[in-house]
Amino acid sequence: MIEFLAASIRIATPLLLAALGGILSERAGVFAVGLEGMMLAGAFAATVGAWACGGAGMGIVLALVGGAAIGLAVAIVAVRFRADNMVTGLAVNILALGLTSYLMRILSGGGQPVSIHLTLLPALPIPGLADIPVIGPLLFTQPPLTYLTIVGCAALTLFLGRTQAGLILRATGENPEAVFASGANPLFVRMFAVVACGAVAGLGGAVLSLQQVGTFTDGMTSGRGYLALAALIVGRWTPWGAAAACLVFGAAEAFELRLQSFGVPVSSYIVQMAPYLIALAVLAGIGRSSRLPAAIGQPLHRES
Amino acid sequence: MNSLLEMRGIVRCFGELRANDNVDLDVRSGEILGLLGENGSGKSTLMKVLFGMLAPDAGAIRFRGKPLAGHTPRDAMAAGIAMIHQHFMLIDAMTVTENVMLGWPAAGRMLRIKEMSARVREASRRFGLDLDPDARVATLPLGRRQRVEILKAILRDAELLVLDEPTSNLAPAEVADLLAILRRLRAENKGIVFISHKLPEVLEVCDNVVVLRAGRVAGRAPVAGASRGQLAEMMIGRDISTRDNSEPPRPPGAVRLAARDISAPGLSSLTFELRGGEILGVAGVDGNGQIELVETLTGLRPARSGSLALDGRDITRASVGARMTLGLAYMPADRSHTALVKSMSIGENLMLRDSRRAPYGRGPFLTPASGAAKARALMADYDIRARDPKVIAARLSGGNQQKIVIARELDRGPSVLIAHQAAWGLDPGATRFVLDRVMALRDAGAAIIYISSELEEVLTISDRIAVIADGGFAGIVPRAEIDMRQIGLWMAGRAA
Amino acid sequence: MSPPAPALPLTAISHFQRFRLRRDGLAGRIALALLLSIGCAAALIALAGHNPLVAFAAIVEGAVGSPHQIGAALNRCTPYLLAGGGVAFCLRAGIINIGAEGQIAMGGAGAAAAAFAFSGAPPVLAILAALTGGVLAGATWAGLATAIHLGRNVHEVLATLLLNFIAILLVQQFLAGPLGQFGAGFLQSPLMPRETWLPRLAGFDAHPGFLIAIVAAAALSFVLWRTPFGFALRVAGSSRRAAAYAGFSLPRLTWGAMLIAGALAGLAGGIEVLGVHRRLIEGFSLGFGFKAVTVALLGAMEPLAVVPAALFVGLLESGSLAMQRQIGVPSALVTVIEGMTMLFVLAATVRRP
């Protein structure tokens, strides 16, 4: 059972990081449909970075850069040029998919994807806390990026609720004109938020490649970015809410993986649908939330 | 009293339009300066230049003895200028305190929420603002929301407060409260610029008045000794003669629209009748249920209870389309986004509602040839100035755009016309066109309900006048029995 | 469309009028966007150490080098054209439908099921029945998304997106069950009955799907510009409030556009199954949904302009495999071009308000 919960946490971690990034973007007023591409770019950059520079640390840094680069593309096209948020997100997802696969093959020089096998980041038990029964192995014996994610959750909550910068970011998603009148520049705020979203989501991709799989394969995020988007909506655009939603999705997937051992005679495919069905069901249940940032998706009008 | 603000020779153009044409302005500490002018006279532009939201094409500003140039709103605020906009720059989803803290460095990088809340409470008490720091702005009535803006200015030690059309959304009682607050601010030696197009208020609270017209200063005067007529003439410049509606009232025709106990969210039980050949003007401060009234009558909003009948037929549950087919026409206030599709052509806008009907369409198909012919005929008839029906509506002036709406609605020969802010934002010539056409429709036997926030306009055109307040009709009187004081009282509404 | 407020303004090309294409320079801007992305692609090829011109030549040769290759390219374009036309149609109404992938998948399954049911019938009837099965399945799947979107107020992007994943898994489930072929190493159905195979033009190896798709695109364009329904869609896409004011029923318009798009996508799925693979295979619809959006954007959301757009994308992909084989430039380059083109088109075609 504990193993099942641990697996849920493991699966939820990259989702949650992407969702946290998405919260930054959406609270500032930009739909975060490009999370998938940001994650993928991060996963790729982390893999190549760790491989080329011999350390997970470099991989993490490059993941931030890679995700941020995708975020920058979204920021320029959707925020600066005021194109539709959703379609821009789709476009960067396609771009990231192609670019990562392409670069993967170029690096080997031979047309085949370069062969990389990284050692996975090991679980780091926190001395003392890891010995607590039940919670110990669950929460305090996790690889480093997972700890980072939990800290990130708390940090984001603090940032949004208690800092001036967070206040301005939230306000930009509600009423950009008011932000402009208060002296900040909503354009910069949104662009910054989207780039930051990319970086954090890229880190989510790094979790996949550095902590779970150990390499990069084409399109390895397989829709996790979209699940993260659903999670942040289900979680009402709050970090802990998104965390809860990601855990539920993670549990659904963990359940599917353990199907054989549970001996339940349900088709694997049907169970694989579970995360998506749950997401759909919850979205259908809550409908269009009133917590949706009021000015989300609306292009910025500037007095010239 | 020292000189607080000096603006000299301000020029600002938008393309060919000279919104500010060599304007000088002076404000002293402890003075309330009225800046008077009609729509489009350049008042808002001037203040945006002052506040750093727009850069002037020429001219200089001195504030507290120091020059102010190339500044942003942040710089202006830091210097001590606060702008209270007509459309509040507030975040509805946030609390009063959060709104105060937004963009204010003194609140700290890590927000000192408790401290700020205490300051909000204290200032609110001192100036009689009556604001709860933890209240979400969305829950506050409009008058209170404005006070949040004023609170922001006070807390940031603004020396000069600029209020842009501050009373446009307030009921008379709230206006009185606001003016009292302004007097308290003046007593604390603040300078205030009071921008308005409403003479009575300017005369009541200001010390001096500057009148803008068409981008230029048309006159300056101290309020003491200035007359209403004098100032009005400076504002308007020349006599706008609209067709005088003081002919003897004609005998009303049959009842065309009958509403009985109609209610909807935001609209309390309304009962009234509209007869052919009359214009029922609905006056009232914006935000008192006009939109709800209009949308319920047209079917955009379902009525919660009560009944509505058009020419005797019950339309309470009828769809928008059905009501239009039965003879209801509607000119919405938001003409850019609702009545027109600005990115489509004149011809397409003219057929917006009638695309299934001849001459625009037949069966499941459109008939472009006859549609274009009809559009050209309408353009000639209603003086829509454009080359041909294929011109995109966005390229036309506001007046011409409104003419498209009028042409479309009136050409159907409606039995009932609902006109909401029909002349809003139009220049005098276009306004006259609108009023003339509406009255012509009335003469042809239609029943018209004409809703406007401009009391003068309503008084000019109506045969009967109703005042809407708090989602209901506070009173309805025929033209001959109008008592301005009564109207003012009605506009104040039932709740304080 | 996402009831209720706030509105989600799409790029300004949804407001666009076909006969102004040249005058307003929209075609020019899209062409510029294309050129830019091809330029970037050239840079990427150079990065790989190859000569861009040689690589492009290989693409062209791979795409149209022989009648057989042209046929293959046309076959490839067909689903993009059908699905892209449907998506363009939806975009005109302000509806972002990214469910083409799922609708194609279900369409394929529906066509396969119908084909098996009608095996033994005369060819014309069998093909018609099978394709109809695909159409109905695709439309139903789109209808499901619409019901969730309208009935439960879920954003249409999320609804169509999540249903994509579910559809793909459903098809896998079908292949593991009633539609599957036991004993095959991977998930696939038995070969379609011979009479349901779409004929192929001798020498070209192209099935008639492309012609069907062109007819469909023309029909869509006609509906969009010459019927009150199409007019209502365009109004709704430009301004939801104006559409409500005009008396148009937004739910009805959404249903109409989505069902049509779903039907076309389902048809595409059926054509893939009957004309290309001759069986239902796992993952045959992968990536088609996003390609449809790409193609719709490239075609400025005008169904007839989607034809050259689909041709472009299809030829590009077809030729890229040859390029990879002969020159060694990874065919993933094409996906990069598609993504970049989308971004540049988006940036280039927004009209300043």
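In this document, chain identifiers A, B and C correspond to the written order of the chains, with residue numbering beginning at 1 in each.
One rule holds for everything that comes next: a contact is a pair of C-beta atoms (placed from the backbone, for glycine too) under 8 Å apart; a residue touches a chain by one contact, two chains touch by 3 or more.
Since the structure is predicted, the reported quantities are computational estimates derived from the model, not experimental observations.
K.L.:
Which chains make contact with chain B and with chain C at once?
P.N.:
A
K.L.:
Farthest from chain C in C-alpha centre terms, which chain would that be?
P.N.:
Between chain C and the rest, the longest centre separation is with B.
K.L.:
Which chain pair shows the largest tally of C-beta contacts?
P.N.:
A-C
K.L.:
Whole-Å distance, chain B centre to chain C centre, using C-alpha means?
P.N.:
The computed centroid separation for chain B versus chain C comes out at 47 Å.
K.L.:
Just the number, please: Cα centre separation of chain A and chain B in whole Å.
P.N.:
Using C-alpha averages as centres, the distance is 45 Å.
K.L.:
How many angstrom lie between the CA centroids of chain A and chain C, rounded to a whole number?
P.N.:
Their C-alpha centroids are separated by 28 Å.
K.L.:
For chain B, jot down the residues that touch at least 2 other chains.
P.N.:
In chain B, no residue touches at least two other chains, as defined above.
K.L.:
Enumerate the residues of chain C that touch no fewer than two other chains.
P.N.:
Answer for chain C, listing residues that touch two or more other chains: there are none.
K.L.:
Which residues of chain A are in contact with two or more other chains?
P.N.:
294
K.L.:
Enumerate the contact residues on chain C facing chain A in the complex.
P.N.:
It is residues 2-4, 6-11, 44, 47-49, 96, 98, 148, 151-155, 157-159, 161-163, 165-166, 169-170, 172-173, 176-177, 290, 293-294, 297, 324, 328, 330, 332-340, 342-343, 346-347, 349-350, 353 of chain C that touch chain A.
K.L.:
Which residues of chain B touch chain A in the complex?
P.N.:
48, 53-54, 72-74, 77, 83, 85, 88-94, 98, 101-105, 107-111, 113
K.L.:
Residues of chain A touching chain C in their complex?
P.N.:
Residues in contact with chain C: 33, 73, 76-78, 81-88, 90-99, 101-102, 105-106, 109-111, 218, 223, 226, 229-230, 233, 267, 269-270, 272-273, 276-277, 279-280, 283-285, 287-288, 294-299, 301.
K.L.:
Hey, which residues of chain C end up touching chain B in the complex?
P.N.:
Listed in rising order, the residues of chain C that touch chain B are 12, 15, 17, 225-229, 231-232, 234-235, 238-239, 241-242, 244-249.
K.L.:
Considering the complex alone, what residue numbers of chain B touch chain C?
P.N.:
It comes out as residues 300, 319-321, 324, 330, 332, 334, 337-345, 348, 351-353, 355-356, 361, 364-366, 368.
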